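What follows is a set of notes on a single structure, which appears directly below.
Read from first to last, the chains carry the letters A, B and C; within each, the first residue is number 1.
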Amino acid sequence: MNWTFFHKLGSPKWFYDISGKWLPWLQVISLVLIVVALVWGLAFSPSDYLQGNSYRIIFIHVPASFLAQSVYLMMATAAAVTLIWKIKLADMALKVMAPIGVSFCILSLVTGAIWGQPTWGTWWVWDARLTSMLILLFLYIGIIALRGAIHTTEAAAKACAILSLVGVVNIPIIKFSVDWWNTLHQGATLKLTEKPSMAPEMLWPLLLAIVGFYLFFMMVMVLRLRIEIISRERKTRWVKELVS
Amino acid sequence: MSNVDQQSMHGFSACLALIRRDLILAFRSPGQTINPMAFLLMVATLFPLGIAPDREVLSELSAGIIWIGALLAVLLSLDSLFKNDQDDGALDQLLMSPHPLPLLVLAKVFSHWLTSGFCLTLMAPLLAIMLHLPSDAFSPLMITLLLGTPVLSLAGAIGAALTVRVQRGGVLLTLLSLPLYLPVLIFATGAVNASIQNLPYTGHILWLSVFLILGICLAPLAIAGALRVINE
Amino acid sequence: MLKVVQLSCERDDRLLFSNLSFQLGRGEILQIEGRNGAGKTSLLRIIAGFSSSLGGDIFWNEQPLSTVYADFRLDCFFLGHKPGLKLDLTPLENLTWRAKLANTIINREILLAALDRVELAGYEDIPCSHLSAGQLRRVAFAGLVASPAKLWILDEPFTAIDIEGVSWLEKLFDEHTQQGGMVLVTSHQPLADRQGKLRRLNLEHFAAVCRGLPHRGLLMT
């Protein structure tokens, strides 16, 4: 198999050049999608027959939860690429994705708590989903802390990659354990996001919001990745020419 | 063929030599073994003082207290698992060995378990009495500790390997290891509490065994990989 | 036989050396020289398989090293800055676990003879914590004496060794090379060349000269 395209994709300079062209599009599309979805969801969707208007927080909560989990999967993929093909760009992606993942994780937890107050009458419930999300936050924090503690770039890269893979093996186990624990301790909980049938007027803005959040994540990641590339490649000729 | 057999035989004797070495070391500086045990005892003392010496309250909490204490005690002892070897250069000798590194690492983790988790398990009946654990729950507590503490050593050793070069890496090690410890904690305390309520707990025990087998198969690979990466 | 071809090494964004090629054949000693930070230790750790290089190839007995690590490790004795001894153990106990780990067949007599050779007879049952830094080094050298390894990789072995020790260590090198062994050693002090077997290699000659690389590699080492 011809791997040139793969290596080209892994070239920081090539990525820097091409991502500069993507960036404006990503910015415009993600912002438009999010604005449309939120205006639609917050102002025009019908209110819920059980929860009234408080359910509308799902237009932020659900996309944030989606992102919090899939960013970790993306990090694990980048970790595998880092360890197998040793592509530097994959490690840079791994590094810049972690803080974004943490942000979505916190956003998901905070919006969950805000939603919990009117629905459950309390800010926090030891519900399986919330607990799993909290543990996911710990996994993210661990990766960021490990990178901060190791001073050589390459050792930090490989250590974080190993930790991400260990984490991704553990996520299903943790999820399963927490679900088991939760059924033992709480019986049935309110399953707010698992409505058997969601009204299409609610579903469409939600889907739009999810796509918008993904694009927003891409945009933030590309922005951060470009900064990371410049900082790591600062000694190369192309970066020196670029900044001068 | 015979060459391969001989090699694996020597690999086994290298593992025995490592276990022997670490046990002699533990014997000559017993603080490494005794301190986590004392820690567990003190943690168990804090709970009645901090919550209530009430028999009913304690018997409900006791499984959780003992397990959380044991988990933290194991974490305390893990910090030095590879760091001592790194400090005196023995880690280089481990990495230079012609034997498979995951095997050697497994031997090291085993001797760590013998000097930490196993000793904590032996201490558990005393704590169970102190905390009024119902006597029916003694045997599930011992079984979960015997099955669960090796998993704590295995999973924690990954963190210990990743932080071997980090100065004062104890807190970081805790951050990395605790999420991996949650499933063990959930099923172990679940089993003990189920037995208190006269519910079957075989399922919990089987899941703990699954974690142990998974840990024995996968953790040495991650530990060996981490040691090679960090010791560049 | 050890062969290094076009090796280059980078540490923390700094190119330490590049285009380094040399061979180490049976019965040869190669002394690596260079100022502090020239990459002497890095070179030894790359060859021993701890770290990876930025580029270049290493061959062991004409095979790429990465494919024959298990054989290589059987044939190689590595001694770094730290002697790799447990201070709570006696010299005899230390030598035993190290030999087992290195897959060397030993018994008490061999080890006692080795300790005698490094002038530590009578110290075999004294905990290493009671020995001086130089004596600890000697214990590690006793492992060298007892080892059948063909290639010795020694990083600054003369540290903390007295003058007398230096001369018998050099004699040890001579004996090893006479039996067809190889020695790769870093040292600041020049080794006496007894039989014309010693070669010197100054890493500073391979230091990177170009500043501002045209293009950084996209792969990690």
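In this text, contacts are C-beta pairs under 8 Å (C-beta built on N, C-alpha and C of every residue); 3 or more make two chains touch, one makes a residue touch a chain.
All values derive from a computational prediction rather than experimental measurement.
Identify the chain pair with more contacting C-beta pairs: A-C or B-C.
Contact tally favours B-C.
Using CA atoms only, can you tell me which chain is the most central one in this structure?
B
Any idea how many Å lie between the Cα centroids of chain A and chain B?
32
List the centre-to-centre spacing of chain A and chain C in whole Å, with centres computed as mean CA coordinates.
Computed from C-alpha means, the inter-chain centre distance equals 47 Å.
Measure off the straight-line distance from the CA centroid of chain B to the CA centroid of chain C, and report it in whole Å.
Distance between chain centres, rounded to whole Å: 36 Å.
Considering chain B alone, which of its residues make contact with at least two other chains?
232
Which positions in chain A touch two or more other chains at once?
In chain A, residues 152, 154, 158 touch at least two other chains, as defined above.
Using the touch definition from the top, list the residues of chain A that touch chain B in their complex.
135, 138-139, 141-142, 145-146, 149-150, 152, 154-155, 158-159, 162-163, 165-167, 169-170, 173-174, 176-178, 180-181, 184
Show which residues of chain B lie in contact with chain A when the two form their complex.
Listed in rising order, the residues are 158, 162-163, 165-166, 169, 172, 175-176, 178-180, 182-183, 186-187, 190, 211, 214, 218, 222, 225-226, 229-230, 232.
Quick one: in the complex, what on chain C touches chain A?
Residues in contact with chain A: 11-13, 212-221.
For chain C, which residues are in contact with chain B within the complex?
Going through chain C, the ones touching chain B are 45, 48-52, 70-71, 73-74, 76, 78, 80-89, 93, 96-98, 100-103.
Considering only the defined contacts, which chain A positions touch chain C in the complex?
7, 10-13, 82, 85-89, 91, 152-154, 157-158, 233, 235-238, 240
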